[in-house]
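Attaching a single structure in structure tokens format; questions to follow.
Naming follows writing order (A, B, C and D), and every chain is counted from residue 1.
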């Protein structure tokens, strides 16, 4: 009754249009690439200078000059292009990407995102996240609806250091699909069997609706 | 007893070191490339995206995709590279050129240069001159010492709209080689037979010396 | 995901009155003559588009390409660095008559402003033009003891660009110094329309050799054996042709 | 005009205490392992250079390359975007012990600051990091109704870069995604020293395929069959080698 990360990735993939230019955050969002609906083909961008790369190679066939932002080996496809980092982030910052799908620690109802720092202890690392949230035409988050100890990750305001201000427009969570519109969470889909009130109790800010809430159903994957 | 433009170009070429990256302004300065001293080879840059190009092709052999900033046909040489305009001016503005040799209407003793506009009438055109004067490590001017009607072109202050402030360090004129140091014209060479006072009379600001003034002698060309 | 356009008329069909249009090329090299002429033909047939703001390094030469675009009356304003050429009569007369406005921009600043538009950089500082008429009215700031002028990004509704090879995804290569402003204009325009001398399938261009990745391109139209502006001018060509 | 350097020791000989050194690579791809190891060898033999400020996207992995440079004590400060890796122990311990300072920069801002350093742009505005901790203390300005952070150029005394083919004039090509920061760092360093897998004569590289024109390169040293950081780490390599 909650989506696995793989199922969240499947759900996020359903919203990607044919021909879209897409950046997938390192980690779980990378799985989105596996679930492109039939007849649609997105073109994937990675910060380290590849557009239009293919899936992971067979183990043992890796070329370590051909990796993605998560330092995992990828492959060439017809139409791949290489470029340097300034051109790569010109694509990002210049608004040329259609979609970025990122992981998150917290998302707020005003669209703020926190996904780079859990606070002053530990080694901070930001990578390309702060660029992506201000560049892609649509910035979506894919994450569990609550933390491992059950605390909401959708909040009225983020408590952790921000990655970007007012940048997220849709969250694919393990329990729901939530849009961010006009400073509010708007519930679009929820897993069947979970009531609105139960979902609200696991959400740190009011859930609004402005139409029917669909069932969030993903195939077994 | 005055140098022709070709001889001025020859003189300017004597100061270009082996391996220097050089941009030559359109028009008369382009001739500098013909007179590289034996054993030295400069690498020429043109604003429109070529480094290391060669001389003009035979008439009839022009390729109009292979032109210099003056829209004249050039040729390839081993080691030529092509690039776009932003990279080309990164070379200029970023201080990667060793020398730029430009034409001028006026040069002032404070190093100011006027070479793009003769005033409000006519069509203004600036091209790459304003970038070159703030980019190249050494900005030199090659010009007649006086205007066609005998007025000085080396002045205490420019009267025409400026191309750049305090940017010129050496002038190769038809009568002299003049350095600009500490806000003064310092005479290095003058054509033989012309006295210091005669030269001073054709110069719009005091000529200083800080050592012997050599004879400016160019071969017949 | 096929960005191929069927013909030149379709390629320029979306350009509307008052739009800004970047046009590639430095002098004649890289000038997308066939796209420009298709735009003129549309204007002569329909009266549109007009009042265009055109961004190009120059202002045209002779009576073809950009010069013809001005001569036929489509252009209200030109942003360029060097409005002189071997035969600049069309622009010169339009400018003196006040029918075309001119924004003169140093060449490197023009290139960097266009790149900034494509790269999401709204403003940057450059030493270029400091202390000159062309810096008037612009913010000046001191960095490390030297003065710099603040310049703004430059974007456009359309770019018309000439490339050499292009695949159906919009990956492009250029030919020699015809590269010039093309890659930058593709980045900075909402819709970059590119005429390519050879249209190929994805995979035909070495991924290392791609100069403009397809993400910057919205439409590709094949124009084999494109005209060279310089050659047209040496033949005293006009567009549209002058009746004999 | 031949920029060829005879060996790795000569290539890194000019780097002095306290200098800033840009090091190419994104993770292991493009990491100039041999140049870095030559620098370590020099330090172990002479005690110099030390107190380096290193600019790289990451902070090393395992005990080779950049991680070894930190582990052996040459680095006083690191400017990077992502100091994590599959085996980040060397940097993590040095950072927690306070022996290495960290300036964390968003990756696109890091790339653009380096490009700006190479292109003579002392400052630019970016939306990246607006409203975050990483924008603290930086000027903010509004353009067209949106807020942007002012970022400064980044230059260095040296760049150590790995390329694929290079000619004796310094014209370079790269191999796939190993290109990453290399072309930018060559622009931004006073002296860019490049290890190439294959050194060729001028003319051997297609002028259209040159990614870094030689004007940005001061020295080239041939290192055939260069090590891949990822492969070294999978073999648990250390530099210098740990006595058995």
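By definition in this document, a contact is a pair of C-beta atoms (placed from the backbone, for glycine too) under 8 Å apart; a residue touches a chain by one contact, two chains touch by 3 or more.
This structure is a prediction, so every number in the text was calculated from the model and none was measured.
Looking at which of B-C and B-D shares more C-beta pairs in contact, the answer is the pair B-C. Centres computed as Cα averages put chain B at a distance of 37 Å from chain D.
As a whole-number value, the distance joining the C-alpha centres of chain A and chain D reads 30 Å. Under the contact definition stated at the top, the residues of chain A that touch 2 or more other chains are 82-83, 86, 89, 92-93, 134-135. Annotation for chain D: residues 112, 115, 119-121, 126-127, 174-176, 207-208 touch two or more other chains.
According to the touch criterion at the top of this document, the contacting chain pairs are A-C, A-D, B-C, B-D, C-D. Residues of chain B that touch chain C in their complex: 46-50, 62-67, 71, 82-86, 88-89, 92-93, 117, 123-131, 134-135, 161-165.
Listed in rising order, the residues of chain C touching chain D in the complex are 112, 116, 119-127, 141, 143-144, 146, 148, 152, 173-176, 207-209. Remark: chain C residues 1, 115, 117-121, 167, 169, 171, 187, 201-203, 207-208, 210, 213-216 touch chain A in the complex. Across the interface of their complex, chain D is touched by residues 18-19, 21, 41, 43, 45, 51-52, 76-83, 86-87, 89-97, 134-135 of chain B. Interface of chain C with chain B (complex): residues 26-30, 57, 81-86, 88, 91-92, 95-96, 102, 104-112, 114-115, 126-134, 174-184, 211, 228-231.
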